[in-house]
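Both complexes shown next keep subunit A, but they swap its partner, so subunit B is in the first and subunit C is in the second.
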Partner chain A sequence: MFQAQASRLTKESMGEVDIARNLKWRRMKNFMFSVVGLLTLLFAICTLLALFIDLALTGVPRISAEFFTSFPSRFPEKAGILSAWVGSLAVMVVTAFVAIPIGVAAGIYLEEYAPKNFFTKIIELNIINLAGVPSITFGLMALGLFVYKLKFGQSILTAGMTLGLLVLPIVIVTTREAIRTIPNSIREASYGLGASHWQTIQHHVLPYSSGGILTGVIISLSRAIGETAPLITIGALTFIAFLPTAPVSEVFPYVSFQWLSDAFTVMPIQMFNWVSRPQKEFHVNAAATGTVLLIMTLLMNGVAIFIRYRFRRRMKW
Partner chain B sequence: MSELKAFTSANHPTRRWRKIKDRLIETVLLLAACSSVFVTLGIVYILVSESLPFFETVSFKEFLTGREWTPMFAEAKFGIRPLVAGTFMATFIAVCVAIPLGTIVSAYLSEYLKPRAREALKPILELLAAVPSVVYGYFALLFVTPMLQKIMPNLGGFSVLSAGIVMGIMIIPYVSSLSEDAMRSVPAHLREASAALGSTKFQTTLRVVIPSAFSGISSAYVLGISRALGETMVVAIAAGMQPNLTLDPSEPAATITAFIVQVSLGDLPHGSIGYQSIYVAGLTLLVLTLIFNILGMWIKSQIQEKE
Partner chain C sequence: MMLKLAALLVFAWMAPAFSQTVVVDGSSTVYPITEAVAEEFQKEFRGKYKVTVGTKGTGGGFKRFCRGETDVQNASRPILKVEIDACKKIDLKFIELPIAYDATVVVVNPKNDWLKDITVDELKKIWEPSAQGKVTKWNQVNPKWPDQAFKLFGAGSDSGTFDYFTEAIVGKAKASRGDYTASEDDNTLVQGVSQEKNAIGYLPMAYYLGNKDKLKAVGIIRNDKKGKALPSVLPSRETVENGTYAPLSRPIFIYVSQKSLSKPEVKEYTNYFLKTAPTLVPSVQYVPLPPKAYDLAKKNLDSGKLGTVFEGHSEVGLKIEDLLKKETKN
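Moving on, here comes the complex of A and B:
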């Protein structure tokens, strides 16, 4: 076979003209691919731009102070996103309280304590698979478990816990990555001074990896704030003209957790509600909500990228 | 001095307390790590236990072979096929967009760009995945559909085509990010060997880098497909929510996820057939995702065996 090839080579390409033509053609293909690659990349980025500009052109003129301080309404020009952004904020607080402690603790365990055995492998595989589970199944699970079995109701608490569990894999994976960048010499130095395992983690591992962990937390919250489907599934309402109970009050006992069991709506659900109406005026409201949502998401991602960049520069082991 | 000596002995109370505390903390951390397993078990348990009563009223045969899905009608029909067909069609269109574009982008980022340009462009590309899916739904319905209508005047306001295309753009970063990682981890000496034989960069990419990274690239594809299967808001907004057994992407159709959203928007009494039907739909979706993931793992192991 090699001989056959070799003889073909001698026959075909020994002529200098052929080699030149072959080389030219191959270089041409190479050049064409670099153009195609660049165009594809530009196409993706331009789509992002088109999406943003389209949304902003329609939505920005609608954004005003009243838009943030009014409840939704039958009249599109009077409607606002007060209950939606307050709801989003409240749900995010619960999400953070669920996802951060559990996620960071799980990350620490898997990096610092876990023995290399079958059980650990199962947990690791499980986390990877959980990240690929469709988000709407988390909503179904929450509807069956939190709403009906544990009787939390279709409340802020249920919503926050659902999203907290949904973004848990992101927090765990980024925490692990952050911890993994800390060289072993730091741990050994700490042990050498007599510190216990936990003291080493508490005083060295965690502080040094806090930048990476924070990045992961922000990314996971930015994912949670745009998540719609699981919250619709647990029965979030699309039309809410009241606010949850205030968490602080002037009378004893000053702090109230009543808001956790209140009904709610969030920004993406409000936007979904408006975009699925036939009237054009409501689409403008949807675009305005989308602009607010998009700016928040992009800001959170920007902050995350910035923190990662800063920490990478500062930490030189 | 004697105090220090006492402290260094293993039985000193401070040391003992420290050991107990360490053990306690380890247990708490272990529980946190197990939480993800509990979540998985919870999902499977709830989905299975809430869908079982469904099969007391509907036979398994009707569920798999029926051609209509109208659980909320007075004369309810329970054939899952229209929903599965809608899901597959939307996923197929999304994959047709995301896999070629994602692979080209990742090859370009990994092989053609200088590290600085790559580091600058990658985060921007990843923003595509950060945009909330409900915003993509708006984009599909009010930007892409009108644009497609200029090319295809017969296209209605809702279509699987436009939802699928937008979904494909949305999952490009999922495909490109993992593929690029896989391509970059191909050892440099393979590229050098290929270059020494006179290959152009394009030939090296096509014949050396992509084949050696294919196991990683295939995981990227599987992740992208899983995303597309489970994506909800884009299809719920732009593809319409009518279950429709068709293979024509320009028609509206409901996916499994869109059906769950549509039913959840209404008032849903616990234990009603509507309530059970969303769990059956959810379980079907989970099983489909699982099959694709297992298929992906199998393909990956086949490739690795060959190597």
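Moving on, here comes the complex of A and C:
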């Protein structure tokens, strides 16, 4: 009997030791995973930082006011990115005009109006698929449709529409996500006061979700500004030493849309051209362009984060 | 109100361009020269004429040229038979103007201390299609060379350099082994050869001149007509100009559409090109043609000499003056 008790005691204590050991092992695993996670993160950040620092060290000394106000030139030290950044800006304006209205409208429709049926599911699936289509495919589509079928030529209009279509899925998806964060009680309160569906969207859903939508729009534009492949496919040019036609003029009719059909170049293409030159001085110019492009992208993303933060603080349900 | 606004917008859209544009596309090898000419041309005719230059490559550029989309085509090799046929389809006639020389340089790693020059036959042994997978070691090409595997770097099949090198060395354009590191971006080739001790490759002269500290040029030995070996020749402005750096130097061209020549901006641009080439070509580290050749080219332009003197392929080892005087076909 004593023996049996003793053996039970040892068994119990054995169990305690087991649990303790087990717990220790689990904590250990927990810790190990967080270390692995941290290392992965650090690896990614370090790679990015190394690339950025390397680029900035080469490029920053080259950046000056003249770099932004001169046209490309055969003299690397005189060359600048005037036509490239103006081109990028003009293309972005068209991209925004294409992607924002269509994207936001599509997002609202899918989230607020679309019936939950097979057809809607197919559309949703297609949008997700479109977001993953390689950008060069959009370029080929644009070459066939915009350049040859619709005869828009290798113009700012073609480029802006191509990039607009490219980022459209991103705008749609982020719009939907922004709308989804609005509690249903808000909608119900609005209906309860007698507002129609559209009035509810116009006065409540859209204003409350505009922070999220804006964030999505800016992030999609910051993706579009760095795109090169689709623009090369539609035949964007490399050497442009003039600016698009000014959108306003002193003579009647004061506004001009001629710039839409002008030839253009953009910053990534200018950079690509300089990288592939034999002289090292041009490579420095490419690094400087890359630095400018990266800073612009970071700034745009920074603005997106800022907007999201402000809206989140203001909104209290 | 809305109607008025719409009418205004349409009117604004239709407003004519204030200056005329010369549309140029084609070879990236010719691009630095065109960039220099376009830069000066636009300074000279400020606000009156514009020039846009693309770099779709010689082949890609000819596709656009023969659809009538561009006024001037930059080409690092003569127009090919298929391209002539494509141009004929839309009844597009053109004038062929050689504007400079380009040389292809055979390069090795600077640490390679035993390869100073190479014969055309040895180059052929390395690069011909039948060498693929079989000729992989230096001593298979020449028993005096080490028993080590070499690593090959060369132009991608879309580049004019590839077309010319294969024509000059193997004897047939585009006939090349495929098991080598091919790139359209010559800086990739520079990187490759400079990092690999047993590397051998070929690239345009400008890339060799820009990276002399990373690459070593190999002298070329060719046979004269009787089959006797001539002395080894290294690439330089002099040897290219006097024709001794053969067979790896060649003229590069611009092709001007006859229809576009009736436009004043294209005519001015082409004239300006030939006028300024003797000074602008060397300023971007290319080898200019002899002055007489530019005069002959100008004469061809003024008299409207249409077509190409090449029968759809490159001529290896012809003097530039003879080329310009040759009867054109097509």
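FYI, the second predicted complex is superposed on the first by the 280 of 317 C-alpha atoms of A that agree within 3 Å, B and C clash if a C-alpha of one lies under 4 Å from a C-alpha of the other, contacts with A are read in each partner's own complex, and residues count from 1 in each chain.
Note that in this section a contact is a pair of C-beta atoms (placed from the backbone, for glycine too) under 8 Å apart; a residue touches a chain by one contact, two chains touch by 3 or more.
Being a predicted model, the structure only gives us computed values, none of them experimental.
Superposition of the two structures on subunit A leads subunit B and subunit C into a clash. Between subunit B and subunit C, it is B that contacts the larger number of residues in subunit A.
By the touch criterion defined above, A:Gln258 lies against subunit C but remains apart from subunit B after alignment on the C-alpha atoms of chain A. When the shared chain is aligned, no partner comes close enough to touch A:Lys151: not subunit B, not subunit C. Once the two complexes are laid over each other on the shared chain, residue contacts for A:Pro72 go to subunit C alone; subunit B is not touched. Residue contacts after overlaying the shared chain place A:Lys116 against neither subunit B nor subunit C.
Using the contact criterion defined above for the overlaid structures, shared-chain residue A:Ser276 touches subunit B and also reaches subunit C. In the overlay built on the shared chain, the residue A:Phe242 is in contact with subunit C alone; subunit B does not reach it.
The clash between subunit B and subunit C in the superposition falls on 151-159, which is one of the stretches 97-105, 151-159, 187-195 or 277-285.
Under the contact criterion defined above, the residues of subunit A that touch both subunit B in one complex and subunit C in the other are 235, 238, 275-276. On the subunit A side of its complex with subunit C, the touching residues are 71-74, 235, 237-242, 245, 253, 255-258, 260, 263, 273, 275-280.
Within the complex formed with subunit B, the subunit A residues making contact are 26-27, 29-30, 33-34, 36-38, 40-41, 43-45, 47-48, 50-51, 54-55, 101-103, 105-106, 108-110, 113-114, 122-123, 126-127, 129-130, 132-141, 143-145, 148, 165, 168-169, 172, 196-199, 219, 222-223, 225-229, 232-235, 238, 268, 271-272, 275-276, 283, 286-287, 290, 293-294, 297-298, 301, 305. For subunit C in complex with subunit A, the touching residues are 8-9, 11-13, 15, 17-18, 21, 23, 25, 28, 31-32, 34-36, 38-39, 42, 50-56, 64, 185-187, 190, 204, 206-207, 209-211, 283-285. For subunit B in complex with subunit A, the residues that touch the partner chain are 18-19, 21-22, 25-26, 28-30, 32-37, 39-40, 42-43, 46-47, 49-50, 101, 104-105, 107-109, 112, 121, 123-125, 127-128, 130-139, 141-143, 169, 172, 200-203, 205, 223, 226-227, 229-233, 236-237, 257, 260-261, 264-265, 268, 270, 278-279, 282, 285-286, 289, 293.
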